[in-house]
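Take a look at the structure below.
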Amino acid sequence: MHPLLADHRSEAARVLSEEVHAYYAGGAGGQVSTGDAEDAWLRLRLRPRVLRDVSHVDTAVTLLGTDLATPVLAGPTAAHGLAHADGESETARGVAAAGSLLVVSTRASQPLERIPAGPWWFQAYVVRDRQRTLDLVRRASDAGATAVVLTGDVPYLGNRPGASRLQLQVNAPDDGDVADPSAGLEVIGDLAAASGLPVLVKGVLRGDDAQVCLDAGAAGVVVSNHGGRQLDRAVPTVDVLAEVVEAVDGRGPVLVDGGLRSGLDVLCALALGADAVLLGRPVLWALAAGGAPAVQACLEALTADLSHVMGLAGARSTTELRPDLVSPRRA
Amino acid sequence: MHPLLADHRSEAARVLSEEVHAYYAGGAGGQVSTGDAEDAWLRLRLRPRVLRDVSHVDTAVTLLGTDLATPVLAGPTAAHGLAHADGESETARGVAAAGSLLVVSTRASQPLERIPAGPWWFQAYVVRDRQRTLDLVRRASDAGATAVVLTGDVPYLGNRPGASRLQLQVNAPDDGDVADPSAGLEVIGDLAAASGLPVLVKGVLRGDDAQVCLDAGAAGVVVSNHGGRQLDRAVPTVDVLAEVVEAVDGRGPVLVDGGLRSGLDVLCALALGADAVLLGRPVLWALAAGGAPAVQACLEALTADLSHVMGLAGARSTTELRPDLVSPRRA
Amino acid sequence: MHPLLADHRSEAARVLSEEVHAYYAGGAGGQVSTGDAEDAWLRLRLRPRVLRDVSHVDTAVTLLGTDLATPVLAGPTAAHGLAHADGESETARGVAAAGSLLVVSTRASQPLERIPAGPWWFQAYVVRDRQRTLDLVRRASDAGATAVVLTGDVPYLGNRPGASRLQLQVNAPDDGDVADPSAGLEVIGDLAAASGLPVLVKGVLRGDDAQVCLDAGAAGVVVSNHGGRQLDRAVPTVDVLAEVVEAVDGRGPVLVDGGLRSGLDVLCALALGADAVLLGRPVLWALAAGGAPAVQACLEALTADLSHVMGLAGARSTTELRPDLVSPRRA
Amino acid sequence: MHPLLADHRSEAARVLSEEVHAYYAGGAGGQVSTGDAEDAWLRLRLRPRVLRDVSHVDTAVTLLGTDLATPVLAGPTAAHGLAHADGESETARGVAAAGSLLVVSTRASQPLERIPAGPWWFQAYVVRDRQRTLDLVRRASDAGATAVVLTGDVPYLGNRPGASRLQLQVNAPDDGDVADPSAGLEVIGDLAAASGLPVLVKGVLRGDDAQVCLDAGAAGVVVSNHGGRQLDRAVPTVDVLAEVVEAVDGRGPVLVDGGLRSGLDVLCALALGADAVLLGRPVLWALAAGGAPAVQACLEALTADLSHVMGLAGARSTTELRPDLVSPRRA
C-alpha cells in the first residue's frame, strides 16, 4: 500500500467513530472477498523493459470524451457526510484539483445539484419505484453528470455482519424506497433514454455478462465485486479483468475497482486492459483524514507513483501498458 | 460457516459430554480428510451475473419423485439419542418442519417405526448376516422410507483415534452383527429387490465408480468420504463432484456431503451439479443445542442463505446454477 | 505418521545419545530434502472404490524370486550398533519375524556373516580399492544375500552440518578406504559378475537414469534421495516415482524410500508403481526403542495399516493399486 | 544460504553503521522483489544422475574470451568505501585471488585507475551529460576493463524507503550529474563505439527485450531486477532466466543475479542456461566482515560448494548442467 494511503487509513481510524469505521471496512458474509482484494493485486509480478526513453511519461486518459489527467478516479461510495462535514462537496473539490473524476453516489449526503466542481458521473441504484430512478438520472444529467454508473450487483443488500444499523440508515432513507430485485437488463436502456447519457454497468465479473450488458445498450462496464460487500467469495476483480476486456473488445471503456492501493496496482490494472480504476475506501480515508486537500493528495500520489513505475517498466503512456507486462507470481 | 451453525456448534460443545463431542468431531487416521472438508469449499470463488430479475428465487427440488422445499437435507448420522433424549424423533420433527428430508441411520437410537414425521430415506450397512440387512430395508420400506441409502465405504470401520470405546458401543450393538467386508456390488440389486425402493450408494468418490454402481442398479449416488471417518486422506468431495456428475450424466440424482457449512457452500455444490446436499455434524450440533426447533432453524437458515446468495449471483432457480458460476481460487 | 512409529521416535530420542540421534536425523546442506520427505507423501489424496469384496486383502509380494509377507522392507542404514548392543543381528531377527527383508549396509557394525536370520540383500558402496568392493559383494553372496543394492548417489559424502565427527567415524573406518568418485555405470556389471547376484541401483531420481542403469545391467532400481543426506534439494521421491516406473516399464522391480511413515504412504507408493518400499529411520527408531520385537512391531504395524487402508480403498491385492487411486492435493 | 555467507552477513551487521547496513539491505517500494529473491531459488528441486565418473569436476568458464576459475563473479555495487577503508581495491584483491572477475561500479569510492588487480568489467550508468558517460567508458577501457556492463533499469532511481539520505549521497555525487531517463537502446552502440569493448545490458527480464538489446549491438545480457531496488514486484530473475536464455540463443553470454546464496543456487542458474552469476550483497558482507581475504573466501566457498553439488548431481562440467536437472517444487 502506498505510504500516504496507509497514513490516511490510520488517521481515519483515529477520527471516525467506531461505527462509521466499521461500516466502511466491512464486507459481506465471511468477508472473504473483502480480505482477498488487496492481496490479489500483490500476486502479480512485472516484466519491465529497459533502455526506453521515458523522459516523458503520460498518465492522461480520455474516458467517454472527457480528458482526465489520470486514470485514477474516485468511485461511488455512500454518505460522505459521515466522513466530513462538507460531504461530497469536499470530496469533489479534491478530485477536481487532482484532475480526476468523481462518481457521485445515489446515497450521497447532499443534493447532487450542490456537489460537483469538476467532471463527474452519477451512480444509480434501481429502486422499486422505477420512475423515481429515471427521474433521478435525468436530474443528474441536468446537473452536469456526463455518464450514469448503474450498480448491477444490488438486487438487495448483501448480508454484512456488524454494520447493520448504520447500513440500514444509509441504504433505506426516509422515503423508504429500496432496491428492486426485479430489475433486469432492460434497465440499461431505460436509464440511457431517461438521462440521455452513456450508461456503464458496475459489478460485472464475467466476459459473457459484459457482452450481455453491451448488447443491452451499456456504454461500458465496471469490473467490481462491490468491495466484497455484496456476494462474499465473489472472484477478485483482477482475476477476471482480462476476460472482461477481451469480451468487451473495445466496444466501450472497462473500469475496475477493488483493493487497488498503489501505483503498481494501477499499472497492473491498466496492463490487463482497464481504461481507468476506481478508488473506494482510500478516498473515504483521505476525506476523513484531511478533507479535499487529502483527497487531492491521495489521487495525485497514486498518479505520481503510477508515472514513476511506468517509467521504470519502460512504458511512456497508458497505451504501452499491455498484458505481457504482468505475470502471475509463482508459488 | 453460517453464524447460526457456529452458535449451535459452540452450544453443543457446552452441553455434550466430552466423549460424545469427541465421537462426533473425530475422523480417521491423521484426520486429514476431516480437516480438509470445510476448507475445500472455501477454495472456490464465484462468478455472479448482474441485472437478472431475481424477485423470485426458488430453492425447491424434486428428488426421486419427492418434492422438497430445499436441497439442504439431513444426512445419516448414528445414535441421535446421544445428542437429545428424544433422539431421531426429535430430529425428524425439525427436518419435516423445514420442508426437508431426513436420512435415518441404521444405527439410530430408536426403532425406525417410531421415528419419521416427514419424508425420509433409510441408510443401510451391509452386515455379515446378509438376511438381516435385507429384512431391515424391507422393514424400512414398510415404515414409509422412500429410498435406501447404501453405505458403500464401510467394509469395516476406519481407525478413529480417541473415540474408540463409544464408537464400538455405537457400531457393535448387542446383537453383535458387524459390517461385512465381503459385500460387493451385487448388494445394490439385493437391497432394491428386498425393499422395492430405489437404492443410492453413499461413499462414491470417482466417476468410474459411479458408473459401476449405476450399472449394478443404483438409482443415484452420494459423493462422500464419510466425514473423513473411514479412509483418511480420501479426496475432498468438492474436488470430485464434477467428475461424478459428468459420469452419472443424468441417470440419477447425485448428492454430496462433507464440510458444507453455508449457503455459499451449498450454492457451489449445486453449481457443480449436485441435486442436493447432506448435512452431518451441523444437524447433530443443532439437535444437541436446541432439539427440533434448532434443527429446523439450521436447515431454514442455510436455505434462506442459499436463496440470498442465489439472487446475488443472478440465479432464480437451482437449474440456473451451473459450473461456470464457480472457479478455483488463485494462489 | 503411524502412532507406533511416533512412539518409537520419541523413545529413541530418549535413549540415544544426542550425537547418535543427530547423526540419524541429519540431512545435507539446508536439510530441505530431509524436511520435504514426509510432507511430500501427505500431499497425495486418495480416490477409493466402494462395494468391492475386501474380505481377503493380500499384502504379499514377490521380489526377485523371494516371497515376502509384506512390501514394507528395512532399508540399508549404517552402524546399528549405535542403536542396539546386538546391532544388525537384532534388526535382522525383527525383520525376519515380520516376514520382511533386510538390506544390510556395508557400514554394518557386525561382520555380514553373523547377521542375517532371514531373506536379506547387501548394500554396497564403491570404494577406491575396487577389488575390495568386488570381494565384499562376493562374500555377501556366499553368506546368503540374494541381491546387491548398489548405492549410486555417493561419489563422496554430502555435506551434513552438525554430525560430522561421528559421520566420519562411521564412513571412514579403520582401513580408511573411502568412496570412489570415479565409479561409473560399469560398476553395475562388475558387481553382478563378482557376486553372481542381481544388482539394484539405489539413488535413481530420473526416468532416463533408470533406463541407463538397466541398460548397464541393473536388475532394478531404488528411487531414493538418500534420506536427504547427499544432495540437498534433490526432488522428493514421490514426485519422480511414476516417471521412473514408466521408464522401467516392467524390466525389473522399482523400490522407493524417503519419508514413508504410514500404511497410507505405502499405499500411495505402491499405487504409483513401486514394488516395495524401504524404511530407513523408523527401523532405527524401533531398534533403539525396543530391539527386535520393536522392529517386528514396526513392520507389522505398517503392514496391517496398509492392509486396512487397502480394504477401505477397495483394493484386494497390491496389483490392484494403480495410479488412478491417487491424485495431488489441490491448494 | 551457505554458512560462510551467513557468518559474513552477521558480522557485517555488527561492524557497519545502521545507515550503511540499511542502505545495503533495502529495496524499492514494498520490498516485495527484494524479499522474493532468495526464496525464488529455493523453489527449485534437483534431478541428479547417479554413477557418473565425477572424480574431476570443472567449474571453469570462459566469458567474452576471459578464462575464469569460477562462474561466480562479483557484481557491481556502489561505494565499497562504506564497507572497507580500502574500498574497491580491497574487493578487487579478494576477487582476483579467487580467480574470479569484478564488475566495478560507476559509483565506486575510488578512481577506476587505482582499483583492479585482475580481470574486471566496468558498470556504466547513462547520465544527462551523455559525453561524460562516453568519456568514462573510454577511460575504463584504457584502464584495463574488458567489457562494459550497461545498467538499463535506472532511467531514474526507484523509491527506496528508509535509505534516502545516504542513497542520495552515493547516487548524486558532487558533480551532480544524474541518470538520464531519455536514454534509449542507441546507448548500447554508443558505449561500444566509445570504449571499443563489448557491452552487456544489465536489468533484462524478458526474452523479447534481450533480443532487442542484442539487435541494438549488445554482446550479452545480465538478467537482473537490481536486487529489488528499482521496480518493486519485478519478477524474480530465476523465473525468466530460461526464457531469456532461449531468446538469446547463444548470441552472447547470459548472466544472472539476485538472491544467489549457495552452490545449489548457482547450479540451478547454470542449469537454466546462465553462463555465470553475479553476487551483490554477499560480496559487500564479506568486504565489511573481513576485507579481501573474506571476499576471496566467499567466492571460493561458493565455488567449492558448486563443485561439490555438481559432482553429487552427476555433472562434470558446467556444460553438463542443463534444464532437465531442475524442476519446480510441488506445493
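Chains here go by letter, A, B, C and D, matching the order in which they are written, and residues are numbered from 1 within each.
One rule holds in what follows: a residue touches a chain if its C-beta (ideal position, glycine included) is under 8 Å from a C-beta of that chain, and two chains touch if they have at least 3 such contacts.
This structure is a prediction, so every number in the text was calculated from the model and none was measured.
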Discussion item. Keeping to the contact definition above, tell me which chains border both chain B and chain C.
Written reply: none
Worksheet item: Moving only between chains that touch, what is the shortest number of steps from chain A to chain C?
Response: 2
Worksheet item: Is the contact between copies chain A and chain D built from the same residues on both sides or from different ones, judged by whether over half of the numbers are shared?
Response: different
Discussion item. For the identical-sequence pair chain A and chain B, what's the CA-based rotation angle in degrees, nearest 5?
Written reply: 90
Worksheet, complete the sentence: If chain centres are mean C-alpha positions, then the most distant from chain C is chain A
Worksheet, complete the sentence: Note: chain D sits from chain C at a C-alpha centroid distance in Å of 42
Worksheet item: Just how far, in Å, is the C-alpha centre of chain D from the one of chain B?
Response: 60
Fill in: Residues of chain C whose C-beta touches two or more other chains
331
Discussion item. Give the list of chain A residues in touch with chain D in this complex.
Written reply: 1, 3, 42, 44-55, 262, 264, 305, 308-309, 311-313, 324, 327, 330-331
Worksheet item: In their complex, what parts of chain A are in touch with chain B?
Response: 29-30, 32, 40, 43, 150, 152-153, 155-156, 158-159, 161, 180-185, 187-188, 201, 203-206, 209, 212-213, 216, 230-236, 239-240, 328, 331
